[in-house]
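Next come two complexes, and both contain subunit A; in the first it sits with subunit B, in the second with subunit C.
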Partner chain A sequence: MKKRNLAFLVGGVVFLLFPLVIHSDYYQHLVIIALMWVVVGSSWNLLAGYTGLVSFGHAIFFGTGAYTAGLFITKVGVSAWWGMMFGGMVSVVIGLIVGLICLRLRGPYFALATLAGGEIFRLAAINWESLTEGMVGILIIQTFQSKVPYYYIALAMTILCVYVIHLLMKAKWGYYFVSIREDQDAAESLGINTTLYKNVSLLTSAFFTGMAGAFYMNYMGFIDPEVVYSLHHISIMAILVGIVGGVATILGPAVGAFVMVGVQEAFRSALFGVGPKWISQAHALVFGLLVIFVIMFLANGIVGDWPKIKRTVLRIKEST
Partner chain B sequence: MLKVNGIDVFYEDLQVLWDVTFDVKEKEILALVGANGAGKSTTIKTISSLLKPKRGTIEFNDMRLDHLPPHEIIGHGIVHVPEGRRLFPEMSVEENLIMGSLYGEAKAKRFETLEYVYGTFPILRERRKQMAGTLSGGEQQMLAVGRGLMSRPRLMMFDEPSLGLAPILVQLIFDLVKRINEQDVTVLLVEQNVMQTLAMCDRAYVLENGRIMLKGTGKELMTDDHVKEAYLGI
Partner chain C sequence: MALLEVKNLTKSFGGLRAVDNVSFHVEEDEIFGLIGPNGSGKTTIFNCINNYFPVTAGDIVFKGKTIKGLKTYKICRLGIGRTFQVVKPLSRMTVLGNVTASAFCRARTMEEAQGEAYRVLEFCGLVHEKDKLAKSLPLGGRKRLEIARALATKPELLLLDETAAGLNPTELDAAIELMRKIRDKGITILIVEHIMKVIMTISNRVHAINFGQTIAEGTPQKVANNPVVIEAYLGDGYAQG
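== the complex of A and B ==
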């Protein structure tokens, strides 16, 4: 227990001091993006990992949050930062509608329905030009020149999200969510209102994902439907972050986000400029191989299978 | 105590129960027996409100149950120990038990009841930190029964508690059901294991193709010619 507290303390200090020590915009940018993915991955994990409702459509909430923030400027004429709060709330409203339709379904059928839902939102955002500007997208002027304020906003958002999920999972809610994942009918017959708690999980997940989307709008300054409602850039990435890090663990998505953003960047930049050019075109392929590797050898993700990783490393050390 | 009045139950368009009527009296063991597919589990699921009857009513101490959502049934003192145990495999034994006592009186007296359950099943106390999925079949069945007891039920419904257990464990589970009944819990038992069930119950109904064919005390039915021929192979 003591060792764990120490690790958290060291981790906290590293994250607090990071932008003051590392001045490179490039590395600050990568960590900001990774922190944003911690939020999306953790939200996805609450719904999929703990409650057993595997969503293939988290872009619905991410995109809705991003567009809420963008529309605050283009339609309402106030700062896009209002989107950080209202983006989450609008995502909750959308989540209620999505839940009304998709939560009637279980297992793979839920996954397929959310997949279709994500595509519906993407196509709607492309074609509803009077509201969303369609494929032209929304361009805003960023508030800050420096990356440091964005870094601390992202860090605060991440800590809030992970801490809220941690508290939920420690309270009775956590047991309700897991019981729904393990056996929904048994949970129902033990007196758990499964419809209510599935909605609680979905809406909490939608709220934080929407908030992350709004942050993305503010930070990147540009969105269009193919970016924020993207199936493979958002919905699938959310799943990968969860699976690689470890589903149904608090720290899994956090680790997964840093690994996935790192891998994505390494291949996008052709191994940071030292590798051959063609590698940058292979990043989708590498993602696929990585998922196969994780599912075959680390089915519980990096965090979930940490003891197994430690054992393997020890064995390799002994044999050499 | 529990009155089932002429229920017709459908899965989509397929009718599986036809005008099923029976009642469970306070403090007795009532058995519903019959072959595979006779509608026994359907009956118990309908009482739990997991299925809704198209016609007929279900009353518990003069209160209608058939319009309640399934998660409210347990609050009225009825617990369903489902077929195939339906535990939460990645929760510990103790967490599974606590999940049985979420509301009202059961929650207030949770630790008292937990002691009682551990007293009844000492093996569960030994394994209380272990994941439920790692228990043996018999232990899992005990845990399912224990989880049911945690809600301090007045009526306990068992759906095929002997399913998939070795013959020696089957007898053990039946002894347990008797012991629970002696603590003033009314029991509704659904079983395919006709001989052993008739030997231990107070009264029984025989279900065939979704209809009640026979009723009587356990002893009467054991000597009934039709039961002998169809179920006991004598």
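== the complex of A and C ==
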């Protein structure tokens, strides 16, 4: 316990001081994006990892949050920052509708339904030009020149999200979510209103994902449907963050987000500019190989299989 | 007034009548046995009582009120707990976690739920396994866990679906002992069982069905000697013997 508290304290201090020590916009940007992915990955993990409802459509909520924030400026004429609150809420409303349709389904059928749902939203956003501007996208002027305010907003959002999920999982809700994952019929027979708690999980997940989407709009200043409703940039990335970090662990998605953003950036920039050019062209391929590696050797993710990783490293150390 | 009344229960799956016009009632504080050959519709009756399947016709009355059509979780909250023939442990939860999750049915706080779970595990003789994952338990333990989980919801009526099947003789005696202890706590038991030792030693009354229809009801001895019951189990050549 003592050691864990110390680790949290050190981690907290590092995150609080990071932008004051590292002034590079580039690294600040990477950490901000990673923090945002911690939120999306943790939300996905609440639904998929803990409640057993594997979503392939988290872009629905991310995109909805982003567009809510964008439309606050273009249609309502108020600051896009209102989207941070309302983006989450609009995502909850959308989540209710998604839940009404998809929560009747179980296992792979739920996954496929959410996959289809994500595509519906993407196509709707492309074609509903009077509302969304279609492929032209929404461009806003960012509030801050410096990345530091964005950093602290992202950090606050991340802490809020991870802490809320942590509290949920420590309480009755957590027991109920996991019971539903393990056996929905048994859970129902134990007096658990599975419909209600599946919705609680879905809507909490939708809320934070929507909030992250709204943050993305504010931070990047530009969105279009192919980015925020993207299947592989958002929905699949959310899954990868969860799987690589460790499904059904609190810290898993946090670790997964930093690893995935790091790996993505390393390959996109051809190993930060020092590697051969072809690496950046092959980054999708390398991504795929990484996922295969994780599924084969670290099925529980980096956090879930941490003891295994430690053992392997020790063995390698001893043999050399 | 009977605790549970099943009135003219019928359940059809397409053209197949799995349960056909079955009626019986369970009195308070008794152990009521439901027997019948494989496929005779015993588990279907259980699934109708707690509404896994919608009832085709008939009525199910618990403490004077119909529970037909109520959601499964509400039926549990009214005081009917059940176990599953094919055990359904929450595999990747600990034994204590399994029981705690169900104790939340009545408990308000985490302390209350865990306290209740601990008491129930002690009662069922599982307390030394409490930190193991449910999937690591042997079958006997899983069957016990099913009972513990149902007990943690504080039922007035407990539906036990073949909790003795697949147990070795020692485990079997322990299971019978546990059922007695549960009845002595004032919980009524409706039990489906194949193992005659269990039915004959602990049940007050027995209801026998075959092909979804009632064939006999009465004390265990009376039902066991009923020629129709013997015929259903062994074939018609044995009925006279």
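Remarks
Simple rule for what comes next: the second predicted complex is superposed on the first by the 320 of 320 C-alpha atoms of A that agree within 3 Å, B and C clash if a C-alpha of one lies under 4 Å from a C-alpha of the other, contacts with A are read in each partner's own complex, and residues count from 1 in each chain.
Keep in mind that, in the parts below, contacts are C-beta pairs under 8 Å (C-beta built on N, C-alpha and C of every residue); 3 or more make two chains touch, one makes a residue touch a chain.
None of these values were measured; they are calculated from a predicted model.
Overlaying the two complexes via subunit A brings subunit B and subunit C into a clash.
In the superposition on chain A, A:Q145 makes contact with neither subunit B nor subunit C. In the superposition on chain A, A:N193 makes contact with both subunit B and subunit C. With both structures placed on the common chain, the touch criterion links A:E182 to subunit B and to subunit C. Once the two complexes are overlaid on the shared chain, A:S130 sits clear of subunit B and of subunit C alike. In the superposition on chain A, contact of A:A171 is made with subunit C only, not with subunit B. Across the superposed pair, subunit B and subunit C both touch subunit A at residues 172, 175, 178-179, 182-183, 185-194.
Across the interface of their complex, subunit A is touched by residues 48, 50, 69-75, 79-80, 82, 86-91, 95, 98-100, 102-103, 147, 151 of subunit B.
By the touch criterion stated above, subunit A contacts subunit C in their complex at residues 170-172, 175-176, 178-179, 182-183, 185-194. On the side of subunit C, the complex with subunit A involves touching residues 50, 52, 71-73, 76-77, 81-82, 84, 88-93, 97, 100-102, 104-105, 110, 113, 149-150, 152-153. Against subunit B, the residues of subunit A that register as touching in their complex are 172, 175, 178-179, 182-183, 185-194.
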